[in-house]
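Here chain A shows up in two complexes: once beside chain B, once beside chain C.
Up next, the complex of A and B:
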């Protein structure tokens, strides 16, 4: 009984993760500027990867592979902000007039 | 630091034999030495179990925020699409240590919808996908919790 529930939860998580990635790809098309599109990609990076890997852990059961999967989530979450920060910084530094693309506010 | 390296080594090795343990000790010692020598890692004074508890509670809060922000941005993609109002905000953070500032910048970037563009000398530049996500970002809960950790 518990096995069936865990398998169902795992499947649901994997399917939801796929839906998140679908939304992320859709966001790439629906948004029009680099910095906006990066947010759509970030959804896949954060929520999508978490859902799919958590679903895989549930489907596979607790084992050494599951611990390694947790390590993968950790490393992806440590490295992806650095990469997106660098891309965003490069875009803001090089675009001729950032104020035409989005509102700028100094607080 | 060496203990952390050793645990990751054991996890990746997948077995507990004398051979892997000895290699693990050697590799973690070498890596910790390299971290001190080349990356400038310094050990902070031990401040008790309370700090670990605060870190765990921060990570738990971060996890919830990441998941929540994912849903918010997904809803924006479906409802607003190209009509979003992106915003670039400059603000000063009250955090003083580089460590806390880095964690704040990483946390802001990890929560979808906001990306840290620059973070120099306590002046942050954050890009938000929609103006609603940028409200009150200079007094966000991340910063409050980090201030407590820093104190």
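Up next, the complex of A and C:
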């Protein structure tokens, strides 16, 4: 019984992660501005990766490989937002009229 | 010397010779006409015109030469393709026992349980040595092109280092924190992949890439000055050369002692060769980043 529930949850997570990645790729192709596209890509990097890897952990069962997968999630969640942040900062640095287009937080 | 009015008596001729001639004599005129004409350097316009005609000639012949070379190359390559064995035949050289031998006897032949490592580092080690040499040469040529000399004008250097310090001061706090947390783990993982290539997926190339990427992350977060604390240009060159020399020496020794059916005396050799390849690859990647971003190492 509990096995069936875990498998179903894993499948659901993987499918949802695939859907998230699909929307991220769609956004990458449909959106044209840097920050919009960054937003779309960040969704896939954070939520999509987490859902797919968590689903794989559930489907595979607890093992050393699952622990390594958790480490991969941790690494990606640490690095992907930083990359997005740097891209956004570069956009703010290089576009002169950015403050007329959107709000920029001053630091 | 012509006859006629010049035929004076020898005394007047001697006097005129001693005094020096006001006017050139016939002989000297004759000699001057026989002489080669002096060629002066062409003027600017003339030079330009000559260069232009030369360029015109070159560009007239360029398509012809290009078509000729391309056709020759196509002929040679197509001829080579025609000589190749047909696809899917049983007697093709791909269907021989080499692959099976690699898979079955790889462990006892080379002492590494990872078949890929056994192949690229032992059976086909010269190939990998060539690849390492290519990486080494690539970094060397990029250094020749882009490396800034230390003996520059002082003002320029001082201004540049001030700008660098400015950049470091404005460095992003988020990036700095993340790099501060992640860099040790990246280096740890790189060493793990490097040293574990003998028994598991990994090895010199992937481990070296991770090591170089960690170095790039560190230097982009904290500035190259802090990387230079542990690795200045001399150390960098030493590590690079050391890796390649270690590989060449070890593989040469391996060819003489371990291969050719002799017992394998160098069981841990794949580990050291992995390390050497990793050093070369890491130096290559970090060197490209450092040279293309600031021109210094």
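Rule of thumb we're sticking to: the second predicted complex is superposed on the first by the 97 of 107 C-alpha atoms of A that agree within 3 Å, B and C clash if a C-alpha of one lies under 4 Å from a C-alpha of the other, contacts with A are read in each partner's own complex, and residues count from 1 in each chain.
The criterion applied here is as follows: contacts are C-beta pairs under 8 Å (C-beta built on N, C-alpha and C of every residue); 3 or more make two chains touch, one makes a residue touch a chain.
Source: prediction; values computed, not measured.
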Query: After the match on chain A, would you call chain B and chain C a fit or a clash?
result: fit
Message: To make sure I follow: the centres are taken over C-alpha atoms, the vertex is chain A, the ends are chain B and chain C. What is that angle to the nearest 10 degrees?
response: 90
Message: On the A-aligned overlay, A:4 touches which partner chain: chain B = first, chain C = second, or both, or neither?
response: neither
- prompt: Should A:89 be classified as contacting the first partner (chain B), the second (chain C), both, or neither?
  reply: both
- request: Mind working out whether A:30 is in touch with chain B, chain C, both or neither, as first, second, both or neither?
  value: first
Partner touching more residues of chain A, whether chain B or chain C: B
Message: With both complexes superposed on chain A, which partner does A:79 reach: first (chain B), second (chain C), both or neither?
response: second
Query: Between chain B and chain C, what minimal C-alpha to C-alpha distance in angstrom results from the superposition?
result: 5
Message: Taking the stated contact definition, name every residue in chain A that is touched by chain B in one complex and by chain C in the other, in rising order.
response: 78, 82, 85, 89
Residues on chain C engaged by chain A in the complex (per definition of touch): 172, 174-175, 178, 181-182
Message: Could you list, by residue number, the parts of chain B that touch chain A in their complex?
response: 8, 11-12, 14, 66-67, 69-71, 73-74, 77-78, 81-82, 84-92, 105-106, 109-118, 125, 127, 129, 131, 134, 138
Query: In their complex, what parts of chain A are in touch with chain C?
result: 75, 78-79, 82, 85-86, 89
Query: Inside the complex, what are the residues of chain A that reach chain B?
result: 20, 23, 26-27, 30-33, 35-36, 38-40, 42-43, 45-48, 50, 64, 67-68, 71, 77-78, 80-82, 84-85, 88-89, 92, 98, 101-107
